[in-house]
Amino acid sequence: MKTDIIQLFENPYLALGVSIAVIMAYLSVNAIMLIWLERKLSARIQRRIGPQRGPFGLMQQIFDMGKLLSKELLTPKHANKLLYVIAPILVFAPVVALSSLFPITSTYIFHDFNIAIVLILAISGINVIGIFLAGWGSNNKYALLGAVRSVAQNISYEIPLILSVIPIVMITRTMSLYDITLAQETYPFILVQPIALIIFIISATAETNRAPFDIPEAESELVAGFHTEYSGMRFGLFFFAEYSNMIFACALATVLFLGGWHGPFLPDAVWFFIKVYALIVLMMWFRWTFPRLRFDQLMKFAWVVLVPLSLINLLITTLVLKIV
Amino acid sequence: MDTLTLILLTTISPLACFIIAIIFLVQQPRAAQGLVLFGSAVSLLSAIGLLAQGPVEPLRFLWFQSGAIQLQFGFILDGPSLMFGVVVAFITACIMLYSIGYMAHDPSKTRYFAMLSFFAWSMLSFVYAVDLLQSFIFWELVGLSSFFLIGFWFEKPEAAGAARKAFLMTRVGDVGLFIGILLILQLVSNFDIPSLLDPQTGLSTQVSPGILNAITLLIFIGIMGKSAQFPLHTWLPDAMEGPTPVSALLHSATMVAAGVFLMIRLHPLFMAAQDTALIVLSIATFTAILASTIAMVDTDIKKVLAYSSISQLGFMLMALAAGSLFAGVFHLITHAVFKALLFLCSGIYIHAYHTNSMAEIGRSGGRRLKATTIGLIIGGAALSGVPPLAGFWSKEEIFAQLGHNGFNIYMAGAFLAAFLTAYYTFRMIFLITKPDQAPASDHSHPEPLNMKAPVLILTLGAIALGFFGSNIAHGLGLIPQHHSVILMIPTVGVVILGILIAYLDYGRDNAPRTGFISKIAPLNTLFTNKWYIDEVYRVTIVAITHALSRILHWIENHVLDGNYDRFGLGILRTGVKSTRIQGGWMQLYLGWAIILLAVVALYLGLQ
Amino acid sequence: MTLESYLLVGAALFSLGLIGALSHRNLIAVLIGIELMMNAASLNLMAFNRFVVTDPTTGQIFVLIIIGLAAAEVAIFLSIILRIYRAYHDIDAEKLTKLSG
Amino acid sequence: MLEQAVIYTFVAFVLIGGGLAAFSRQILYAIIGLGISLLGLAGLFLNLGSPFVAAMQVLIYIGGITVAIVFAMMLSIAMSIRPPDPDARKLGFAIACAVIFFGAVAHLIRGAQFQQIASPASEKAWSVGALGHALLTHYNVVFETLSLVLLLAIIGAILIARKALPKENS
C-alpha cells in the first residue's frame, strides 16, 4: 500500500525542504550523466568515439563541471542586473518544484496530489517567463530574438501538450499521477492512446527546446539563443534546466503512457527509470537524426498539424468513452 | 426491424444524403441525384414500415436538463404522425423522381437535390417530434429550407425577393408561436407534447381558459404565417418563383402543411380554447373565400394553384376548428396528393411551353400532352370535389362536420368557397383543353417517363384515396361520421353549379372566355388586384411609418433640435469654460467613479 | 488569518490595482492594474467561500468564472492594443485623442 | 507558527507584487510585479482550501495571461521607448482615490458583522469532482455562457488584431 512521505515527517515544510534538496542533488548528477550520455550517443551516431577521459570518458564531465564552476560570473555592462540573475533560477525552479510529484515506486511517494496533472501543467508554464526575462535582461539583440522565438514556440506547443494529456484524464477519471499509474496495471496507455503519446513526445521535445525544434538557439542564426550572454555557472543552470526538463517530460510521459513503475521481475523504481531513460535516449536520437525546422514551419506544424490532430484524438476518445 | 431503427432510418437518411451530397458530390450531380433518391426511398419504406407497425408509445430521450425543465428529443408515433409521415415521404419521393426530368439541365442540380433532401428531413422530423421545442426547431428548419428552395434561382431578383418575403412573413408568425411556447414553458415547465395534451393532467387543466386562449391564439399566429392564412398569406403566391417541383412540395406535404399539422398535433388544446377555435374558424372561412375569388381571375396557372392551396388550407383549418380531427387530417392527406399532382402537371406544361399563362398553354396545344391533361383533369376534379374522387370525400366530411356542430354561417361560407373552387378549377381546365384558337404548329413535346410516372401514380392516388377515409379514421382512433345523403345533395349541387358556369363561360363553343365576374366591375377589379392586400400593407404600414417619421422629423427639427441647439450652445459656452474638468481623460472619470462608489458604500454601510 | 484580514488584503490589492490603472499612461500598465483589481475580487470571493458560505463550491466556481472572463478580456484588450499601436504607433492613453474633436 | 509565516509570506508577495505593478514605470517590472502578486494569490487560495483554483490561477493567469501581456509588450513600442516621465499630479490623484477607497472599505469591513460558519465544509466538497459536478449541473448555463464568451473573444481578438485588409487602408 502507498505511504505519503510527507506524512512521515512531522512538519510538511521540512519534508518539502528535504525533498527539494534530494531532487536538486539528483538533477545535478543526472544532468552531468546525461551530457555524457548525449556526447557518447552522438559520437556513436556520427561514428566517432566521443569523450575519452577516465573510464568510458566519464571524467570529461567532471572537468567540464569544474571549468564552469571556476569561471568568473560575468554580468554584461548594460544588462538589467536583477532580471539577469533571476532568469536562470526561474527557468530551473519549476522542474525542481514539480519533480517530487512523480510516483516512482508503488509504496513510497512524496505526496499524492489529487490534481497533480493540473499542477504540473500550471507550474511548468512558468519557465517561459524565465526564458523571456533572460533574453530581455541580457540586453542583447540575439538573446532577445532567441527569447521571443522561444516564448512563441513554448506557448504554441503547450496547447497540443495539454490536449494530449486530457484523454488520459478522461480515461482514468483522475488527475492523480499515482492513480493514473495504478490504472495501467494491466496494460499501459500507449496501447489505447498511441497518437496522444506521439503528440506528447513531439510537443515535449519542442517545449524543452531540443532539436529539431531548437530554433531559439540555432547557432548559425542566433549565436546561442536567449542565453547568449550567460557564462559560468549561470549558463550551467540553463544547461541543467534543459536536461532536467528532459527528465521531467520523459517522466511525465512514462507515468501517463508507459505505465510508470509497472513491469515484471524488477523492482518498481528500476522499471520507472528504465522507461524514463529509454525515452531520453529516444529524444537524443531525434536530435542527431532530424534536421532543424525553419521558424515558420515550426509554428505551422504546431497549429496546423498538432493542434487539430490532438483535437481529433480528443473527440474520438470522447466518443469511444461515451459509447463504451 | 424495431421501431427505433425504423424511425431513425426515416428521419436520418435524408439528412445523411443531404450532408454527403452537399459536401462530397458537388461536382457529381448525377451521383447526388441518385443518392438523394435512394435516401428518399429508404425514408419512404421505413415510414411505411412504421405505419404497418401501428401506433406505439412515444420514444423519448433526455437531451438537456436545467433545473426542473427537461428538454427531450424523441419521436411521437401516433396516428396522425404515422400517416402524415408516409404522405410526406411519398410525395417527396414522387417529386424527387419528377425533378430528375424537370431540373435535367440546371447547372446546380446537386444543391437542388441536397436542399430537397434537407427539406424532407426537417419536415419528417417535425412530424415525428415529441417535444414542443424540438417541434419548433424543425418548424424553423422547414422555413429555412423553403427559403433556400424558393430562392433556388437566386440570380433572379424576383426569386430572391420572394424567398425573402416568404421567410420574413413566416417569421412574423413564428414570433407569435415562439411567445406561445415560452408561455407554456413559463406556466407548466413542460414541453412534452403528449403530457401537455393529456385530458386529465394536461395544459388545459392547469391554466385558466383566458390564458389557454391566449396561448392557442399565439400558436395560431404561427400557423397563420406558415399555412398562409389571411392576413399573412401574401408570401405564398410569390413563392411560385421557385422551381415548380418545389412549389408542388411546398404546397402539398411540407411547408404549408406544417402549420396545419401543428394544429392537428395540438388539436385538443384548440378544442379546449373555445374562443380561439371560433377565431380560427372565422379566419379560415374568410381566407378560403378570399383566396378562391382571387384564383377566379388570375391567369397564371401556378398562381391559381397557389391561391387554391390557400383556400384549401382554409378548409382544413375550418374542419379542425369545427372540432373534427378526422376531417382535417383526411383533407390534408387528400389535398397533399391532388395538389402535388396538379402542380406536377402544371410543371410539365411550363416545361414544355415555357409559359405560365393558362391561355397561352391552351393555345400552344396543351391538350396534346395526353397523360398530363388526364392528370390535370382528374386532379382538378378531385380538387373541386367531384364524386367519387378523393377531394369529394374529404370535403364532404368537412361539410358534415360543420353542419353537425351547427356552424351554419360558416357552412354557407364553405359552400360558397366550394362553388368558387369548382368554378376556378374548371376554368383552368377549360382554358387549357379548349383553347380559343387552334394550336399554331404541331411540334410535339415528349412527356419524359420520369416526369410522367409520378403524375400517373398521383392520379391513381387522387382517384382512390377517397375510399380509404374509414381506414384513416381508424388510424386516428376515431369512428368516421356517416354521411347523410341529404347533405351530399347540396355539396354535389354547388360543385355541379360551379362546373356548369365554368363551362358556360369558358368551355362551350364560342364561349365568351371571360368570367361572369367581369360583369360586376368593382368586384372584378378587387379580385384581380388580390383584394389590394399587398397595397393595403403598403398603404398602411409604409404610410404609417412615413407619417410617423414626418412627425418625428418635425419634432426633431423644431422641438428637439431647436431646443437642443439653444441648449447645446449654452452647454458649449459653459463647456468651454469647464473644459478643464472634462479633459477626455478616462482615468480621471474612473477615479471619480470609484470615489463615488466608496462614498455610497460608506453611506449605505453606516446606516 | 481571519476573514477580515483576507478582506483587507483584498481591498489593499484593489487599491494598488486602482493606482496602477489610474496613474499610468501606458495602456498595458492600465491593463495590469485592471487585472489586479479582478484578482482582488477573486480573493474576496474565495475568503467568503471559506468563511461564510455553506456550499463550498460556489465561491470557487465564481473564481473560475472570473479567471475565464479575465482570459477573454485580456485577449480582446491586447488585440485592441495591437490595433491601436498599428494605427498610432504609440499606446499612450493620453495621446489617443483623434476623437476629441 | 510556520504555517502563519508561510501565509504572511504569501500576503507579502501579493502586496509587494501589487506595489511593483502599481508604481513601477518600467512596464516589464510591472508585469513581473503582476506575476509575483498572482503567485502569492495562488498561495492564498491554496491556503483557503482550494488547490484546484490555485492551480488554475497559476495555469491561466501566470502561464497564459502574463505571457500574453509580455507578448503584447514585445509587439508594441512599449519595449523600446523610454518610460514617460512620471506625472506627479496624476499619481497624486490616483493615490488619493486609492486611499479614499481603501479607507472606506476598511471602515466597512471593521464595522461589518459576518455570519461565519463554524467549521469549513468537509474535505470531499473541495474536491475537483464536486466542482466539476456543480459546473455541469447547477451552473451549467454559466459554464456554457462562459465558453461562448471565450469563443467570441477568440474570434473577436483575431478579427481585431489581424493585419488590416488593403481596402481598409484607403
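Every chain is named by a letter (A, B, C and D) in the order it is written, and numbering of its residues begins at 1.
Throughout what follows, a residue touches a chain if its C-beta (ideal position, glycine included) is under 8 Å from a C-beta of that chain, and two chains touch if they have at least 3 such contacts.
Keep in mind the model is a prediction, meaning the values are calculated, not measured.
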### Task
Just grab the chain with the largest centre-to-centre distance to chain B, centres being mean Cα coordinates.
A
### Message
Taking the mean of the CA coordinates per chain, how far is chain C from chain D in Å?
### Response
6
### Message
Centroid of chain A to centroid of chain C, CA atoms only: how many Å?
### Response
33
### CA centroid of chain A to CA centroid of chain B, Å
65
### Query
Just curious, how far off is chain D from chain B if you go by their C-alpha centres, in Å?
55
### Task
Provide the list of chain C residues touching at least two other chains, using ranges where the numbers run on.
18, 21-23
### Task
Name the residues of chain D that each touch 2 or more other chains.
52, 56, 64, 71, 90, 93-94, 97, 101, 105
### Task
Just say which it is for the chain contacts: an open line, a closed ring, a star, complete, or other.
other
### Summary
In the complex, chain D touches chain A at residues 2, 6, 28, 32, 35, 51-52, 55-56, 58-59, 62-64, 66-67, 70-71, 74, 127-128
### Touching residues on chain D, where the partner in the complex is chain C
7, 11, 14-15, 18-19, 21-23, 27, 30-31, 33-34, 37-38, 41, 44-45, 48-50, 52-53, 56-57, 60-61, 64-65, 68-69, 71-73, 75-78, 83-84, 87, 90-91, 93-95, 97-99, 101-102, 105-106, 109-110, 114-117, 120-121, 125-126, 130-131, 134-135, 139, 142, 146, 149-150, 152-154, 156-158, 160-161, 164
## Note on the structure
Given the complex, residues on chain B that touch chain D span 66, 587-588, 591, 594-595, 597-599, 601-602, 605-606
### Query
For chain A, which residues are in contact with chain D within the complex?
11, 13, 83, 113-115, 118-119, 121-123, 125-126, 128-129, 132-133, 136, 148, 151-152, 155, 158, 175
### Query
For the complex, which residues does chain B have touching chain C?
584-587, 590-591, 594
